[in-house]
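Please go over the structures that come below.
Both complexes shown next keep chain A, but they swap its partner, so chain B is in the first and chain C is in the second.
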Partner chain A sequence: MFCETGIMSKAKPQQPAVIHKVIMVGSGGVGKSALTLQFMYDEFIEDYEPTKADSYRKKVVLDGEEVQIDILDTAGQEDYAAIRDNYFRSGEGFLCVFSIKEQESFQATQDFREQILRVKNDENIPFLLVGNMADLAEQRQVTEDEALKRALEWKVTYVETSAKTRANVDKVFYDLMREIRSRKMEASRQSNGKPKKKDSKKMKCVIL
Partner chain B sequence: MAPRYPPPLVTGVSPKEGPPGTRITIRGENFGNDPRDLIGLKICGMDCLLSAEWKSSAKIIARTGPGKGMGDIIPITRYGGVGSCTVGFRGYFLQIGPLQESAVWIDESQTVQSNLDRGRSATTIAAKEEEDPLGILDEGDKPRLGEDQLLEMFPEASGNLSLENFSPGWYLLEHHRNASFSDLKAGLSYMKRKASTRSEGPITFVRSNLTTILDCLDSLTAMYEKYNEEDLRGDCMNSYAVLLMQAKSCADGLFQEVLGRKDKADSTRNALSVIQKFRFLFHLPLNIQRNIQKGDYNMVINDYEKAKSLFADTEIKVFRKVYREVERRIGGFRNMLHKRLKDTHNTLDEQKKLIRYLVSLEYKGDPAWECLDNQQNWLIELLDDCKDDHIEEEKNSVQAENHAVSPGGPQWKPLSKVNKSPSRTGITRESSFSSLSSSDQQAAWKFRTPQKVLFIEDITDIMLQHFPDYWRLGQSYFTREKSEKGVKIDTSKHGKMKQMMTEVVSLFSNYVRAAFLPESLEGMPEAEREKFGVWPKSGKQDNIPGNWLPICVRNIRNCANYLSGLDGHGDSMIVLKDLAFDMRTNCMFTLLKQAISDVKCLHTKETWVVETDDQCGGTTQLPALFENIVNEAIQHLHEVVVMNKPSEPEIFSQRPIQKEATMLCSQLLQAFSICMEQLVFSPPLQKKETKQVKIVIGQEVEVEQHGDPIPSLDKRLIIMLSNCRHTLEVVVPRIIENLTKHGYVEMEKALKAAQDTYGALDQRLFSSYIEQKSDPILGAMEPNLYRGGFSWRGWQGQAQGVRNYLKEIIMSLIEVHSEVFSISPKFVMRVMQKITEAVCEELCRLIQCVTEFNAGGAIQARLELEALHSTVRIYSTNHVEACFKEAFDVIPELSEEGKLMVAGLLEQFKARMRIQLWCFQSEDEPVPLKMMTHADSSC
Partner chain C sequence: MGDGLARILAKPSFEPESFIAKLSGEGEDALLDMRTKVHMLNDDTAQALKKNVYKNYSQFIETAREISILEGEMIQLSHLLSDQKSLMSSMMEMPLVSDRAIVEGLKGEEEEKESPEEETRRNLAFLLEKVEGCSSVADVPGRQLVHDGDLVELDAESHAQLQRVHAFLLNDSLMIATWIPNRRGPMRYRFQGLYELDSLAVVNVRDTGPVKNGFKILMFPESHMYQTDTAKAKRQWLDALEDTKKKKAVKDKQKKEAAMRLAEQQLQVALASPGEGDLSKSFTEDLEEEPVAMDRDFLSADWLQELPEDLDMYIAQRNFEGAVDLVEKVNEYLTGCPKGPALKEFRARIDHRVKQLTDGLMNELQVSPERSLRGGPRAARRAVTQLIRLGKSAQACKLFLRNRSAIIKYNIRQLKFEGATTLYIRCLCGVFFSSLSDTSKEFIKAFPGHYGCFSAFVIWAKQELQAFVSIFRRQVFESKASLTTIADSVQLSKNHCAELNAIGLDIEFCLASMLDISIQQVIEENRDQLVDGIFYRANDDLWRPQNHLTQVDCEKYIKEIAAAGFDIKPFVLEKCFIAITINSIQFAKSIVMFAEDLLKLFTTELEEFIAEAIAAVYRVQVKYIEDSLKNEQLVKEQAIILKNAQFLLETVMGKIEALYSARDLDLPQQLQQINAHNRKLRAMVRK
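Then we have the complex of A and B:
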């Protein structure tokens, strides 16, 4: 019915070849989707509707270069914990979000960090620790120091954002994309220089 | 082409995967400016436009279709065309088991049915086995440990979850050898969560392995029965049986809830299917209601028939209840139809339909008959109302007229009446009939249609509009009964029907008769006549103007003709035909009578202006007017009298009518003579007098307009004489011819009578004219003759020539001649003959009376006789000749000298009087010289 070739010829060549795949992680209700939608569409969603898994992709200009950002907005709820692995595997960079007014969500970042590292098996995976809801400072439960300390520990950047006021929203996505880009360039340099070093260390630990 | 907008682009989808029917939020750009701009939406190749909900140009909410696998989301907008997407949607199918709760309706026919058919399959347990209890996905890229390796590590154990000697170590090594410790920990917590959700423990286990357990139980039972039968084990069987029983009761306990739910579900399903199956019945009351509102009565009846055949005798309570409801509705429907049937404004078709409906709804009684009855009453009512209304109007107008006539009374305004029926004013037809009428009431009548005419138009309208419907209804009533029921022909009703028809028709006819032919109802008792309406009599103005009658007659005839065209149904048609016939005759008589009276009034129209033409001689316009009136009457009557419609009797076929018609015709013809006679002998009064007496306005105007003085009697006489002659010779035969042409019979009689009348009138007029003319001449003769002491005896003087008296006589004769000639040359001979005869006779008588002549006297007498004789020669008759002869005999013989003298003097007289004498020449005697020679010879 619809001209498939037309779509192909019109839409596809326009898309930049470079796609940076970003995954939003964090506990339920911390504002992953809000951040995503604010970044994507400049809109702030007031009402809360648990996400299952949403997918967004758009063209952005990163430091003068046209690239595509692909955002996978995952479910924060524990119910979906089991399917996370699959998602994480495809991610190139992670925004680990917690709510500054919810201590538990901050604690959960630890688990997410671990799961990501396990799946990606890479200590230097592009990763940003994001403290959301900065506009609700009066309800703050997680101090900036606390968060910064953890970021330092993980060797990642900590940024406080507000999906509501759009404070630092673009910054976290662009910073992450830059990290991803530099990682990719590094990787290509490596693969060009010498064959890819494969971590073939085998765990022989058996738990009885 | 609309301006092109950028094509829509989808950049976000939430969620990105799900089973069919997942509600997804699609975000992006250029989705159009309003919902109508979105003209297409494809998700995974499936069109989802129906479920699409346009939120903004950047957001659409839709439900996915049954697309499977990864696919694009393509919106299409009116101005942007086919869009593209950067994100996709993955559709997958969920299989929901019979025991899982589901928010949506699942088609169980495959799963449940097949399971029931095929027995319990082991899919459940197999599926469970495949699922990892720890929720850790197998990495898959590491080689697995071999079975024998594991067996070596765990002797006497197994990795099978369902076995008793299951060893977790074995399992973990086998499946998750590469998992990290934290993974395993996560897996443990996952398993714990899982376990907690199925906290019932054994029940959950049993549930998830139901089929196996049932199989076990079945085989155990089978075993038990088999052992029992063969009595192999004896006592131990008891405990076995007990165990089995326990297992059963335990199972029952376990599944009580589930089974209860299942039973409920089954019964619900049953109920649903029953409802589905008998949905027709359950929806019927509502449907009936709806169809009645929609006016789809056929549907209602069909449904009802169907329901009746299916459920009328049902024993099932629910059905009975619903059916009762249906019956109730149908009852209401029936009543409604019945009510509508009573409403008389329906058309014939509607009525037929309603009746059919009622019959098919088994309405008690005979709806058609009721309808007929109803219709008849209504018709009668209509006729009644029509009559009453018009009589009322008439009364009012009569009153108004009376007021208007009485001096100082309120002025009657014809306009107000006219306004009431503007459509009728157009037909007002002016004719000599009404314009000749000589009263101001009549004049007022001219301005509007007479009430009776309106009445007849209305009443025939009613008949024409409604009676045919009524009749057809009646007709179809019998034909229907014949065709449908076969048995139910009620002959008594046939008769009754006929009677009803006749009733209506005769009522109609009587109303018309009351208005137009009241005398035809005289045979009835007074009270009964009053019922048909008593039309007010407005004194002189009793009858409506004749020119309206043909319209009435036409109406009635059309009506009669049309109604009898419905198939002559006996009595009623005879009544109608009689009515039409009577109307025709009445019309004819009335018109003829009116014409007669009009003709009689003609004398007021005389202007005394004589127009001469070569053929007819001099006439006034009166004969032409007369002819006009008659011809117009004939013309008016043409349609009424001559044109017979099929099945109408010849109007002259009845002897009395024929006689009367002939009589009226001849009266009409003769009426003019009266008029003329009146004009001559008692002419209308002079202008002065009319002003004093003030008779009627119309006449006064007439006289003023023409202003001609009425001529003297002798002039009038000669004019009328000419008119009479003209009428007799030209007009009457023409009229007779016209009449005969129009079918009037025995016109010879009328002609004869007319000729007699006009002949007599002619005679009368002629003789009085002659008298009028000759009397002064004769009277003056003797005194003039003997003037100056003249005496035949003592005549001494020389004969001087013809004396003056004779010249005066001749001059008088010339005067008469000219008078007659100016009116009608034809009469000259006739009149002159008569007058010369009288004159000559008188002169001769005078001469004869002379006893003695002297010579001079004899010469003189001879001379004068000769002179007269020669002068009137062309008008002379035998009688005149004889007179002259006698006179000549009396005069003594003249001497030769005397003779010569007479001849000389005669010659002298002729020469002197030449001009005058020309008048006495006949037209074929051209020259006066010749005449002289004649005179000589006669000497």
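Then we have the complex of A and C:
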């Protein structure tokens, strides 16, 4: 009893209502965590340690609106499809990352794409194809044309990034958030233009 | 008036001195008046006091009685609870034992860690006692507790704190239980959810916002976020989850490989015998085709999910019919279910309950001192019917018969032995044989079509008969009862046996063979006694005719003997003399009675023996007559002796022959031979 009231009496963190859920997918070692950390903390971590599954949350201003981004950094090495499905189901948009200096990682994006489409059952799911490690152009194995061709085929955007130099890092996250946002607006328009329940709730709170 | 005085005296501000002073001032009359009033008040008070004491006393007694009743109930309740507790603990232990075999086969290294594992198992039992509604979780064999701890559940979106939970990481799944705020009793948590580790996605939530030490559990469509107190606790949780998932994956892989190997072997066997090839091939394919999802879907029906609890409830309510109905329903349903691990788990849960149910039903049939046996066979039928429906006809049969044995024993013990053996035996036979026939009728009703059980019944009947015979023997043969009593008793039981023939149970021959030896013994004894009697009487027999002094007395005597079945009129000499001696009359009476009794005991097996016994006695008597005829001193009496011989060999033998023919039997050879002696004796005299 005591504990319960203790918990409940704690102030609820006042946070923006809109949360965009982004999932980082891609083979192991392509720099998913590096991109995430660069975006979150403006840091580049050189040491490589395989991720299991980490989630991050950050308050950002997207086109003048304060929103939250929830990033799920998944493990490239996750062996179990059933578990991976559960990760993917929680996402609203996907950054499918490969390393431009590793052809294999580019090939793997095909599998990830298929899996995501299967799980989300949505051809137009917000999705960006991301070629990371653009700073290491001299070791490039995947040509830009190749990647663009695949992006065109999937009807998605292709962006080359460098977690090290922070090139295009913010762009991929913001572009994806915009896609997610427009998808959400489309969805709410479809349901008779009704504002989202959560929004109305929050509005009431403010008035009170 | 009296009331007024009482009120004055009872006032808290009452001052005796001023009261007396005021009273004494009013003169003698007032004083006397007051005195009588005080006396009256005194009496009234005493009476009231007495009444109150009685009232309280009766209330006290009533209360005491209530308390003693309550105490008795409490004791019963505590017995019941301790029974259930032991049942629970035994149930907890049961699946663990069967699990041992699986674990042993799979992992060598696990054997080394046996003792700590044992401890976690006990932990599981202990912890699950604290969680409400998790019985289905505890049922699964082989589950162990790996890690547990208090967590705070957060809203996955807003990260707002929702509630306190306690999480239990088991070796194959994660169980979440919510904290019960106003708990009563030992239950501290309420079961919220169970997530299989196979597809459980764990997310480490980095400490980016105001929320620290969080992690998420994704299990589509649910996702939950939890928070630990410390970073270390979170680390432990994540490591434990990761570790357990890995271990489970390894184990599953091994199992799968083993299954594959088995399937391959089967395939090879199938290939070797081409006829069955297709069949087993399709079977192995079935095994590989993602069985998990299929059987899970199959089992997701609401009633199936609630079935274990419903069964528990029915068992607790002793609604055995309902429980068996459910079991039958689910069995029928599950036969169509694809095979897979979820089904196996579900089966294990159901089987566990079926076992409980069976135990309950068996307990119903169990003979225990605190249960009354007066329910009769019909009371047992209910439990028996349900057991048969559960496919436990053998146990049901065994218990049913055991129950019946106890009832028979109890009923026999209720009989009081009141001197007369025949009366007691009549009651005994009545109780025993009616129980036997009740049982057989009930048995036929309860086990229709279970012919295997009928042989058990026949064996049982024979055993019971044996028990009956041992009582019978003790009461009849060992109590030195007269031959007549014995014969009557034996005949009585035989008649009862014959009645059982009507329901198709022939145990007469069993009874006869069991009693045979005792009967032979008793016949021999009686025969010897009769022979001794003949010798004894011969010593002082002077072969004098009976003198009844007057004709009237003589005729009275003749009538008396005629009542015993002998016509002695032809043997009357000169009004009041009868040629037949008392000795002969006595012999005639005893031999006829002997023959009568023996014929009651008649069986084909004993035919020879009986005839021989009668003949033996007869022979001794005839020999005695012969000796008497040869005796020089008795030459004068020869006419009388011959008359007596004629009486014994014609009249008495005729009577015995009549007894035989009354049973549609011929006079045996031995006795016919004796009859021939008549002529021989006459010839002796003529010589």
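Following the convention adopted for this analysis, the second predicted complex is superposed on the first by the 175 of 208 C-alpha atoms of A that agree within 3 Å, B and C clash if a C-alpha of one lies under 4 Å from a C-alpha of the other, contacts with A are read in each partner's own complex, and residues count from 1 in each chain.
Heads up, the rule we're going with is that a residue touches a chain if its C-beta (ideal position, glycine included) is under 8 Å from a C-beta of that chain, and two chains touch if they have at least 3 such contacts.
Keep in mind that what you see is a predicted model, and the values were worked out from it rather than measured.
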Exercise. Report the partner of chain A that touches more of its residues: chain B or chain C.
Key: B
Practice problem: Figure out whether A:Glu114 sits in contact with chain B (first) or chain C (second), or with both, or with neither. | Solution: first
Practice problem: Give one of first, second, both or neither to describe whether A:Lys149 is in contact with chain B, with chain C, with both, or with none. | Solution: neither
Quiz item: Does the superposition put A:Arg189 against chain B (first), chain C (second), both, or neither?
Solution: neither
Quiz prompt | chain B versus chain C as contact partner of A:Lys52, first or second or both or neither | solution = both
Quiz item: If you stack the two complexes on chain A, which partner ends up touching A:Tyr87: first (chain B), second (chain C), both, or neither?
Solution: second
Quiz item: Looking at chain A, which of its residues have contacts with both chain B and chain C?
Solution: 1, 3, 7, 10, 12, 15, 40, 52-58, 72, 82, 85-86
Quiz item: Tell me, which parts of chain A touch chain C in their complex?
Solution: 1, 3-4, 7-8, 10, 12-13, 15, 19, 40, 52-59, 72, 79-80, 82-87, 89-90
Quiz item: Considering the complex alone, what residue numbers of chain A touch chain B?
Solution: 1-3, 6-7, 10-12, 15, 33, 37, 40-41, 51-58, 68, 70, 72-73, 78, 81-82, 85-86, 114-115, 118, 203, 205-208
Practice problem: State the interface residues of chain C toward chain A in the complex, per the touch definition above. | Solution: 152, 157-161, 163-164, 179, 181-182, 198-206, 208-211, 216, 218-221, 223, 238, 242, 249
Quiz item: Of all residues in chain B, which touch chain A in the complex?
Solution: 7, 9, 11-18, 27, 40, 42, 58, 72, 74, 76, 82, 84-88, 135, 137, 169, 172-173, 177-178, 180-184, 186, 190, 193
